[in-house]
Each structure stands twice: as C-alpha cells, then as structure tokens.
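The first chain written gets the first letter, and so on, giving A, B, C, D and E; residue counts start at 1 in each chain.
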Amino acid sequence: LLWLAPMLAATSAQAAQPIVLGCPLSTAFLYGWDAERGIKLAVSEINAAGGVKVGNEKRPFSVEVIDTRDLEPGVPVSEALLGVEKLLLEKKADFIVGGPVRSEAALAAMPLIAKAKKISILTSGSLTPKYGDTVAQNPDQFKYLFRISGEAKWMVSGEIIPCLEQIGKKYNLDKMAIMVQDVAHARAGGGIIAKVMADKGWKVLPLEVYPTGATDFSLGLSKAKSAKAQVILIWMDMPETSILLKQWHDMKIPALPFGSIISAAEQPSFWAATEGKGEFCLANVVNAGNAPSQATPWTMFVEAYQKMWGVEPEGYGASSSYMAVYTLKDAIERAGSMDSDKLVEAMKATDLMGVYGRVKFDPKTHQVIPSLDPQEGAVGTIFQWQAGKRVVVFPPKIATGEILLPPWMKDAK
Amino acid sequence: MEILIYGLINSVSLALMALGFTLVYGVSRLPNFAHGSLYVTVGFVTWLLLNRLGLPYPVAMLVSLVLIALVGAATYQFILVRIRGMAISEIIASYAIGLAILEGLRWGGLKGTTLTLPVFAQGSVDILDVTVDFHRLLVILLGALLVGGLWMFVNHTKLGLALKGMAQDERAALTLGIDSDRMAVFSMALGAVMAGLAALVLMPLGNIVVESGYHVLIMAVAVCIVGGLGSWTGAVLAAFIIGFAQILTTAWMGPHFQVVVALLAIIVTLISRPSGLFGRQKELEERV
Amino acid sequence: MFEALGLMVFYENMLALNNVSLTCRDGQIIGVFGANSAGKSTLMYALSGLMLDIQRKEQMQGGERITIRGKVNYLGNEIMDYQPARRAKAGIVLCPERRRIFPESSVLENLKIGGYLATPAQAKETLDYVFSIFPALTKLKDRLGGFLSGGEQQMLAIGRALMAQPKLLLLDEPLLGLSPAIQYWLAKSIKDIRDQRGTAIIVAEQYARPIMPIIDYGYILENGSAVVEGGRADLMDNPDVRAAYFGN
Amino acid sequence: MSAETMLSLKGVTKRFGGVQALTEVDMEVRRGDILGIIGPNGCGKTTLVNCITGFVRPDQGQVIFQGRDITGWPPHKVADAGLTRTFQVMRPYYSLAAYKNLIVPLFSPRARRTGGWRGGGRMGDRNTVAVDILEEIGFERDSYVPYKTASSLPTGYLKRLELARCLALRPDLIICDEVFSGLSMSEMASMLPLMEKLRAEGVTLIMVEHRLRELFSLANRVMVLNFGAKVCEGNSEEVMANEEVKRAYFGSEEVFEYV
Amino acid sequence: MEAVIQSRRKERVDRGIKVRTDGVYAVSSWREITYLVAPRLLLIGGLVLLPLMLSAVPYWQKVLSIICIYSLLAISFDFLAHFVGLVSLGGALYIGIGAYTAALLNTHLGLPPILTIPLATILGGGICTLLLWPCLPLRGVYFAIVSLMFPLLAARVIEALDIFGGTDGILGVVGLPNKWVEMYVLLGAVLIILFGLRRLVNEDVGLVFRGVKDNDQAVKASGINIITFKALGVFIASAMGCLGGAMLSHLYMWAGISQFALDFSIIPIAATVVGGGGTLAGPVLGCLLLVPISELLRDFGTLRIAVYAVILCAFIVFKSEGLMVYGSRKYQQFERWVQI
C-alpha cells in the first residue's frame, strides 16, 4: 500500500497537471485588472474546451496572479520584482504572462525572467520600444521575452499621425498643443509627434509636460486657447486626465482633445466620471478589441468579456492579454513540448488570426507586427466619445463612425 | 493675470488641504498621518450617500462630515491614545490607519477614475480675459472663510487656547485642568472635519481617487512644516509660496519642473528659516 | 479640607515618599521643606495627581514602574484616583517646578490658557490681579513665554496657576531664581492670596527663610519621610530646623 | 593686584526685536577674581553670559578673552578656548546616567588636549574621572546617585551637575549662572569651600546670583545690572551702600533689611 | 481582599548578573556565561543558519535578502533617531544613491561588484552627507520633512533632466555570482553593523552622540562642534543605507528611480517602532517580522496592504514599547510581589 500512494498521486497529477501562467500585474489599477480579466477569460474558455494539447496529453491552464503594485506611487519596483520571483520560484510558473505593467518595472524584470529561462509575454502597460530593442541587442539572453501588445513607435507613426492628418484634412485644422505626462514614453512620444507634425506643416506649440499626479491643467489649457490651438494632443496615463477634460469642457477650449494615451478616457465609466464633459475626446486603446469594433470575426471576445465581467473591455490590456493566452496555447501545441527553447522557435513561427488581426512576431525584437489592416497584422484602435458611447474612428478599415467636433468649436469658426 | 488667478486658486486649494493637518499637528502636536485617507473617505462616503442612497447633496455632505468626525475621534480614542507622546509611533500608527482605510477603500471598489462629485455651481465667468468657473471662485471664498474661522477659533476661544496649551506642554496643561485626552479626541475630530470640508470643496474639481490621499498628505505636511508649527499665518503663507512656485514654474519653465521647484522651495525655505516661516521653535529650543 | 494619608510613592524599587500624611485646613498656608531629593516634588506630583499621568506614560513606554499608595481626601471626597485634570477642576492647582511655561505662547496667552477653568468674568478679574502682584509682567505681555528670563518665567507660572481659580494652590519651589526683592514680594503675595481669596496654599521650598514666617503649619521632609512637623513657631524654635534652614 | 586680564567686555550691546537687553556693558575680570553679577529679574544677566560664551551674538561691542577677540565665536570654540558656563535652566543629558554626563566634556578636544580635569581626561578611564569630579562637588560616591539617569535627579543635583560639566573641561574661567538657587542652606555651605579651592587653583569665576549672602562671602567684586546697563561695580560694601542699587534692586528698605 | 492587594506591589529586580555586567565583565560560572551569550548566539546562529534552512524554498531566500536590506535601513534609522537625535525619513535617499552609484560604477566604469559595493557604500555615504549637510542645524520634524523631500526631489530631478537612464533606469548591472553570496554578504553586513554600532554607542564617542541628541546646547558648551558629530552620524547611517542600495541594484541587476520610493523610508521606521527603538537589535527583529508578514499576505491580493497596515497597527498599539524592549526586560529582570 505504501508504494501505491505516491504512484496514485503521480498519475493523477500527470493526468491533470496544469500549466501555470504567472501573471505579475498591478491589479489595483486599470492596466492590471483589465489584463487579469483578459487572461482569465481566455483560460476559462480554453479549459472549458479541454485544455492545451502538450504532445499527447491535454493539460489545463491555471492562473496565478500576483499584485505587484508597480503602478502605485511610492512603491519601489523591487516589490514588483519580488512578486515576479515569487511566481517563478514559489508558484512554479511555467510562463509569465501580463506584466509587470510599468515600463520601468517591465524592463527591470527582464534579466530576472531571462535568468529563469521562462517564456514571457508582455501584454499590458509598458509601451517602451526599449523592450524590443533590448531583446534585439541581446538575443541570447532575452530570447524568451515577447510582447504582444502595441509599442509606442508604431503607435505614433502608424496610427496617431495618420489619424491626425485625417482630422486635419477633414476639418481644415493645423494647429496643435501637446500635453504629456512627465514620464519617458510620454515625453518621447509627444516629442516625436510634435516634430513629425511640424514637418508636415502643422503649427505645434511647445510641449507641456505635467508631473504624474498633477491636478490642475488650466494654465496649459488657456495657453492653448490663446494660441488658438485646434487639437490638443494628450499623452498621460494617470487618472487625473479626467480633470483635464472637465477643465477643457468648463473653459470651453475650442480644440479637439486627442488622447494618444489617456488612461482615464479609455474606460467605459469615463462618461459618468466626467458627467459627460468628456464628450468628443478621442482615445487610443492600442489594440483593437479593447473597444467594441468590427476588426475581425473574433468580436465575440468583447461579448464574452462583457458576459464574464459585466463591463466592456476597459483599458488597453484586455484584448492583448486574452490573445497572449491563445498564442501561447497555439505555440505549445505546435511545439508539442514545454521546453523553453523549442517554444521560442514555435512562438517565432506564430501566425494566428485573433481579436485584433493577425498575430506574428518580429523575429528580432519579438514584438507583435502591427498594421492598419487586420488581415496583415495587429491593428490598433482610436475611438471618440460620442453621446456616451465609444465609437471607433480609426483605422478606417475597422471604423464604425466619423470624427465629430464639439459644438463650440464650430461656433468659433 | 492667469498666473495670478490660478496661482491664487492653487494656493487656496493647498491651504485647504493642509488646514486639518495643521490644526491637529500644529495645535495639538499629534501627527495625523491618516489625514489624506480621511480626505478621500469623505469624498467616497458622500458619493455613496448621493448616488446609492439618493440623499440630497447638502444632506449627504453633512452626514459624511459627521461620520468622519466620529471616525477621527474613534481613531484617537481607541488607538492613538495608547501611544500618546511617542511621536514616531504615532506617525507610523496613524500612517498605518490611513493606509488601511485607503487600501480598504480601493479594495471596496474605489478603483480607477469612475467617481466624481457634482460641482456646486455650473458655469464660468471671464475675469480680465481669464476664464474661471464658479466653483473655483467658491473655493477661494470658502478657503478664506475657513482660515479666518479657524484663526478665530484658535486664538480667541477657550477651547482653541486649551488645545494650544496642550500642544506645548501637556503636563502643565493638565495642572490647569485641561483634559488632554478629551482635547486630543476633539482636535482629531475637528481635523477630520477640516479634511472633509477640503474634500467636499476640492473633489468636484477632480475625481475621487485613492492616490489623492497620498498627495494631500504630503502637501499638508509640507505646508504645515514650512509654515512653522502652529502658526496660521505661516501655513497660509507657505501654501501661497508652494502654490505660486508651482504655477510660476508651469508658466515659465514648463510644468515639467513643477514638483522639482516646489520641493526645492520647501528645502530652501527650511534651510534659511530652520523653524519654518513663522515658527520660533529653533530659537526657543536654543534659548539658554 | 484637604488631607493626604499615608502617601507612598515608589520609583521602581526606590521609595521616594514614605508614609507621608499631610493636612491642610481651609485658608491655611502649609510649608513643606526639605533638602535636595527629599521628595518635595514627588509629594507635589502625588497631591496634584500628575503622578498618575507620569505613571501611565512610563507604563506605555515600558520603563520603570511607579507605585502609588495612600489616600487623598478633599472636601469630603476620596480623590486618589482622580486624574490631574479632574483634580484641577475640583480646585487643586499645581504650579510645577522648573516652570513649564508654554514657550510658544505670549505671556498674555499663557495666562489666558491658564484661565481655561475660569468664567470670563473671573478670568478678567484674576488677570488684573496677577498683573497687580507681578507688575513686571505688564510690560512683557506680548513676549513669547520661552524668551522670558528665568525669574520672569517663575512669575508667569505662578500667575498662570492663579488663573485656574484654585481653592488649593500647590507651589513647588516658587522662589527658584527670583531676585531677593521679588522673593520678598512673592512671600507677601502668597499671604495676600490667602487673605484676599481664601485660597489654601501648600508651598514646597528648600529655601525656607522667606517662606517660614508666613506659614501656618509646616512639615520637614527628609529622604521621603516627614521627620518634623508643627506650627510656625514650633518649627522656628526647633534648633535642628534653624541650623538646616537658617544657617544659625 | 596687578594680575593679567582674563576677560574684558567693551560696549557689549544686544537687542531682541524691540527689547533692549544689554546696553553698552563694559567689564573687566582678572585672573583669580571672583566677580559677582547681580540685578533684578530680566535685567539681562543671562543674556550677558550668552553674549560672552557665544550663544548669542552681540549686536555691538567686543568680547576679549585672554587677549583674543572672541566676539561672535560659536559656543564650542569659546568653550574650547577655556571659557565655560553653566545654564540657568539646567541642561543635562537626561537619558544618561549622571556620571556619563561628564564623559561628553571629558571627550572634547580641549579635555583631550589639556588633559581636562586634573589631567584625567587624557589618561584614559574617563568613567573614574567622572565619578571623581562628582564626588568632589558633593555627589556621594558610594550612593546610587551618580549612577542614576539625569532625568530622575532632583533640581539640586542637576545644578551641581552643571558645574561638574564645566570643571571637567578644566577651564580658565567659569561663568556660573545661578548655581546656588535650588540648593539648600547646608548644601550651599558645602559648595563654598569648593569655590574657594577653585580660585586657589587659579580658576577665575563669574557668578550670577540672587543669593546675596553667599555671594558676598565669596566675591571680591560685584557688578550690578539694571535694564541691561551697568549700574555700579565694586566690592560688596560699596555696592550695598549705593543708593541707586538700593532703589533698583531692593526696591524698599524692608527688602534691604530682609536680605 | 481589596486591602491585601492594596498593600502589595509588583517589584522588578534586575537579575544579579545583569547588575554586575553593566560595566565590568566578571563572569564566574558557565551559567552566567550562557546567560550573557545565549541571546547573542541565538541571533547570530539563527541568521547564519537561516539561508540553509530556507534552501528548500528559494523564494524565501530572496525574501531574506530583502529583509536584510530593510534591516540595514532600520538600524540606520534607529541609530540616527535614538542616538544622534536626527529623525531621518531619508531611507529612500540612501538606497537610491547607493543603488545608482553602484550601478553607474558598474555599467560605466566596468567595476566588478566586489569593488562597486564598498565604493558605493563610502561614496554614497559621502554624497548623502554632503546633501544633508546644510540641513543639519534643523531640528526634529523640520529635519524629518527635509530629509523626506530629498528622495522625492532626487527622483524628480532624474526624471526631469532625463539623466542616468531617466525613468527607464539603468539596465545591465552585473548580478552577484550566486544567491549564497547575496545572502551571506548581506547577513554578514547586518550582523557586523549591528554589533559594531552597539559597541560604538556605548563608547565615549557614542556618548557624545547621545549627548547631541539629548541636549545639543550643552554639548556646545562642552567645546564640541555638534555639526561635525551630526555629520559623522549621518555619514555612518547613510553609508549603511547605501550599502543596502548597492546590494539591491546588484541583486536585481538594475537601478531606477523607484529606488527613491517612499516605502524605503517608511517600512524601516515601522520596523523600528515594532521592534523597539533605541535597541538597534529591535529594528532587525521588526524587519524579520514585518517583511515576511507582508510576503505571506500576498495571497490577499489588493487587500494585502490594508491587512498589513492593520497588523502593523496592532503591534504598535499592543506592544507600544517595542518587542525588543519588552523581551529584554523580561529576560533581564524578574518580577515578584512584595508586601509594602
């Protein structure tokens, strides 16, 4: 009898031993919990369908979420890193999916994850191009790291600038003010937009950089007003942006707010939070599927998400996190093994249609390849708040509505 | 002109945030590091009363102020009283209480940016070409009223004077019949109400978010210390220095340097006036 | 009126007050004399209830343990477990040793804080009275307490105690640091306060010369025990007392 | 007596805001002197001491100590030069045992250079030296008193501890700000010989006091201040005979008699 | 019944050996030696063996390293606050400066950890001392607040000027050879510093520090320059913090502005309060409790910090003197009822 017990345990464990997805996420914040929900949704779908086929056996996914608190001010990144280590060492995670969410933390976690030789897919938050660059520079060390969500360089040159041009052409606008948060990606992004748009003949006011947590934007707004700016480009991932829009509305600034990253306006609850004062604000949610759209037949994702969580996808991490799990499943099944090195190859060979189009990774940077056409690559989404709804306005291939101007802008004309 | 008006508004907001803390710390030497969380709590409770129970706005505000006063008093009565006089323990304990409240709220659903309080008055006016909304004007007015009221309270009522006495020398105050525990409970309650008032006045301009709790705490501490302990003029002046430093840097150097300059202003003020603008602490302690 | 029976105070294992009993009748001035560390301040703390507060604070910090035993009767009540603020309300006010002025308040404010227990009318009247016994304070009204000189602080401390409308005033070393002229005046004023306001007063001093002539009854403390007690004349005639306190 | 001048003040003046605390005070002390300073409360005695020892910077005037102009020096330099003072409001190190209070001065650069009190500071075992000093000024060596923390000592011992702190430095000049107040008659009587002994050892003393009898028995010269200005100076009889002093300091005949 | 209780009181008596060993070490029996050595041995032995015992759970070894870093900060806070009288909330500054110095030395000059760590300790301590120098005349809360502003300022300056890698931080710092080195270097540092400082504060120099804390005017009057001593104190304390910071940056192969985060200022203080201020060993005990509690609570998810705060509060309120003070009193003294 004595030898039976361990054997039983072994067999039963073998039968159902789950594949552990470790998710280091700052779950108290938008980009943390949206990713968590996306991942959990995908996992429950996959498990309901029988799990993942590794070689000959079917194994379910299990999710271990850890709150890294990295988006919280005053909390050191080492806290997030310790969380990642907990996932790796104690929870015995087979994969790291999701975060860390803050760019700084994501970068800092790279060596740790690489050291553990675990495949990791970044799905939410961090937009820094440095992530892919670092992978490209040290392919041997960092080859296990992938990112399936958007990245700032493409977002700017491939989506935001074309969208701006489109607006400019349509309404004959060519003056822009830029307000960004005082973090590297925002400053860099704002700077590039300023430069490119200036080259394209727009008049661009000097960058206004606001520290994280700023609560008063009136000076910048009135500067924009007196300089007769027609578009206000906003790049801030902090909740206080809804104050900005309220002030914008209260001061009746005759300029269209365009959020290249504007966490507050991405959420469905934004409407209530600003008492509708945020109408006409444009926001970028990085990947399609994070706002209702018709990008691909996979729109069922939005419905499933809503069914499971009771809200539409909120931040820009939902659809990509969801897709990360499916991508992983796909790669595991193709590789037929859990060996990290084999999986890297399989991941690199990924070619999968998903919520936001075709998922393929750049062989050098391990970054998902973007496109304006869902048939070609991962598409982004820019939407505008119109009468309480998020209406997708860009890219044209998936748009469901037109860009509108606030009434006081028309009056001003 | 913009600078003047918005600097004024900014400064008054800072002063409002700091009043409660200054009252409790400056006057009764009890560092209430749960100040910021009381501030957020009032906003959240008011929102709940307003939206979940459907109370009218003024009633909701009143009820939440009363509640917060009780919370403040209870904090002292049940927790802080046991470590009275050990300053570092007091700081850590009250900070922990604040943390528990804030993180509890966050867990209880106060996530993201969804909640907001309505402004008292819609609309805006143009003052010398600067658009200012009514609510912000109200902030200035209320701020002035509160500062004045508190000043009267502290300098010209028995209770206020007793609080002051207790802060400076508890044992001597005891011999004069000032019941220090009762006073401390009272000052905590009053401080909580102050935090609440600030929240009610300032929150409609923004959102009810947990993070503002930390922000308010740091600002309140800075204003209180830079002004000099227990000095009202000092606190108000400090609020203006920091407030204008922020607005001026926004205007001239870019908002980029806003925090850097504000922090530098604090450090430089303290180095040049070691006991705050109007404090006499150092001189008094060094008088031999 | 006021009676302490068998007071004992231990600081940890050290006996600082040993079975001291003391009585004070209406309108009497009682003197408590003793050299350094005789236990005068300890006695005053015990009478005013401050000892309870000190005890509580020590306990909180886990430091030494203070034990208090004995009974204090005041106006027919047993008040040993009254906290100091309550005793003050009942009329027992201590003017503590080493002054303990509120350093950041002006002289006037110090006095006003002292008037916490007084009605506005009483406060006003007492304020005038304080300025009349210590005219020096009139000029200093607006100066911060902490900037006063040693002697000025002493005057202020006594004035502040008076503001609390005591029925029984406890003075701990009131003469410390006063110039001879003020010492003399203070001794006179103590008598005045008693005569005009009927306040009973207990004075603890080691410099007995100015105080001895005005007391009604006195105790000599030595190492925590009351070794001699008696009326003024008795004490003045006692050769040991004369030797120790008058230097002849 | 034509001993060398230890300390001289020239026109020392100090204002605090609107308060004229000192007006043009001149003073001269020679080696081996015991100078008494008396005056009504708040007349500026402590302020004068502060000006001399650097705790307060005089607005005008000069302080010259052993030929060096020490005006405006920080207190620690003044003490290092050999001029120490006691504090009227006692300032011991409350959390340290009484004898450990003396380790601090014994550790100071001056004590290490000169050897401090009777040369013991250089020799090493500062604890023993500390207890020696305390014994000398009236702490019983074998009792528990020197080993108690200063916070639990009564006033009288603290006053003596103040003096002990000065002695530990082996100063050339000690300014005592009211060391006698707070001592009982017999204790004071026991301190007088110590003071004499110090003088005999060549230490100069300035004593600010309200206990006139004891002061007069010690001091060879007395200076009277009133409202921050010097009223008169001389030996005790001269001072007591001075009409202005009677008026300013004693106020009335009764008081005079009483003293 | 009442009367019986009335006339008794609880007496605390120092154990004989304690009285004797306060200054002189005249130990005569094994029992007494054990009495003296046991607690020290327990601490040293326990800390040395802990990594081995934890080898089955590698994650907790990592936690141990973090505990050590917080302990360094906590000892430094305790030393400054209770022995020099400067309440410094600048723990984050020390960590940050230490981390950046080590990272820069490593990535720019290519120095190996064996050099960067000691260099960062000394250099970092120097930099912190220089930064805080103008603030040394400040007292009490004023100093506390200024020292709190410095790390915030440092982070913002790096952010605003975009130096040292800006918000991304410095990547590519060399890691330590293996986890044993990590842990034992840190444990060694904690133990050496702990016992070293305990020694120091009872030496004559230490007494001067304590004098400065109690009463700086009297120290001045004793002919000692207090600023020099305060600076020395700050240097000792900040060097300890910088050591922690340097280790942290090698531990995670990275340095960034979040190393100026407020947590590094606050948790050590909490640990000091819980463990008992003024004992130096107490803060270490506090860290040994608080950090693992925080890790154990991770399963609470978002509620974790709230629960943690409540536990912290409970410690402070119910053992307000601090665990170490309480413990050593129970160890050194016995209590008995005596008749009065």
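Assume a contact is a pair of C-beta atoms (placed from the backbone, for glycine too) under 8 Å apart; a residue touches a chain by one contact, two chains touch by 3 or more.
Predicted, not measured: the structure shown is a model, and the values here were computed from it.
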With centres defined as the mean of C-alpha atoms, identify the chain lying farthest from chain D. A
With chain centres set to the mean of the C-alpha atoms, which chain is at the far end from chain C? A
Separation of mean Cα positions, chain B and chain A [Å, integer]: 37
Rounded Å distance, chain A centre to chain C centre (Cα mean): 74
Centroid spacing, where centroids are CA-atom means, of chain A and chain E in whole angstrom: 40
Inter-centroid spacing, chain D versus chain A (mean Cα positions, whole Å): 75
Sequence positions of chain A contacting 2 or more other chains: 28, 73-74, 182, 211
Hunt down the residues of chain E that sit against at least two other chains at once, touch-wise. 156, 160, 217, 302, 304-305, 320
On chain D, where are the residues touching two or more other chains? 46, 55, 87-89, 91
Flag every residue of chain C that touches chain B in the complex, lowest number first. 48-50, 53, 57, 60-61, 83-86, 88-89, 93-96, 100-105, 109, 112-117, 144, 146-147, 160-161, 163-164
Quick check on the complex: what are the chain A residues that touch chain B? 28-30, 33, 72-74, 182, 206-211, 213-216, 218-220, 222, 225, 239-243, 246, 250-252, 263-264, 267, 269-270, 272-275, 314
Within their complex, state which residues of chain C touch chain D. 11, 34-37, 41, 97-99, 136, 140, 143, 147-152, 154-155, 173, 175-185, 206-208, 210, 244-247
Interface residues, chain E side, partner chain C - complex: 6-7, 9-13, 320-322, 325-326, 329, 340
Which bits of chain D are touching chain C when the two form their complex? 16, 19, 38-42, 45-47, 88-90, 145, 152-157, 178, 181-187, 189, 210, 212, 249-252, 254-255, 258-259
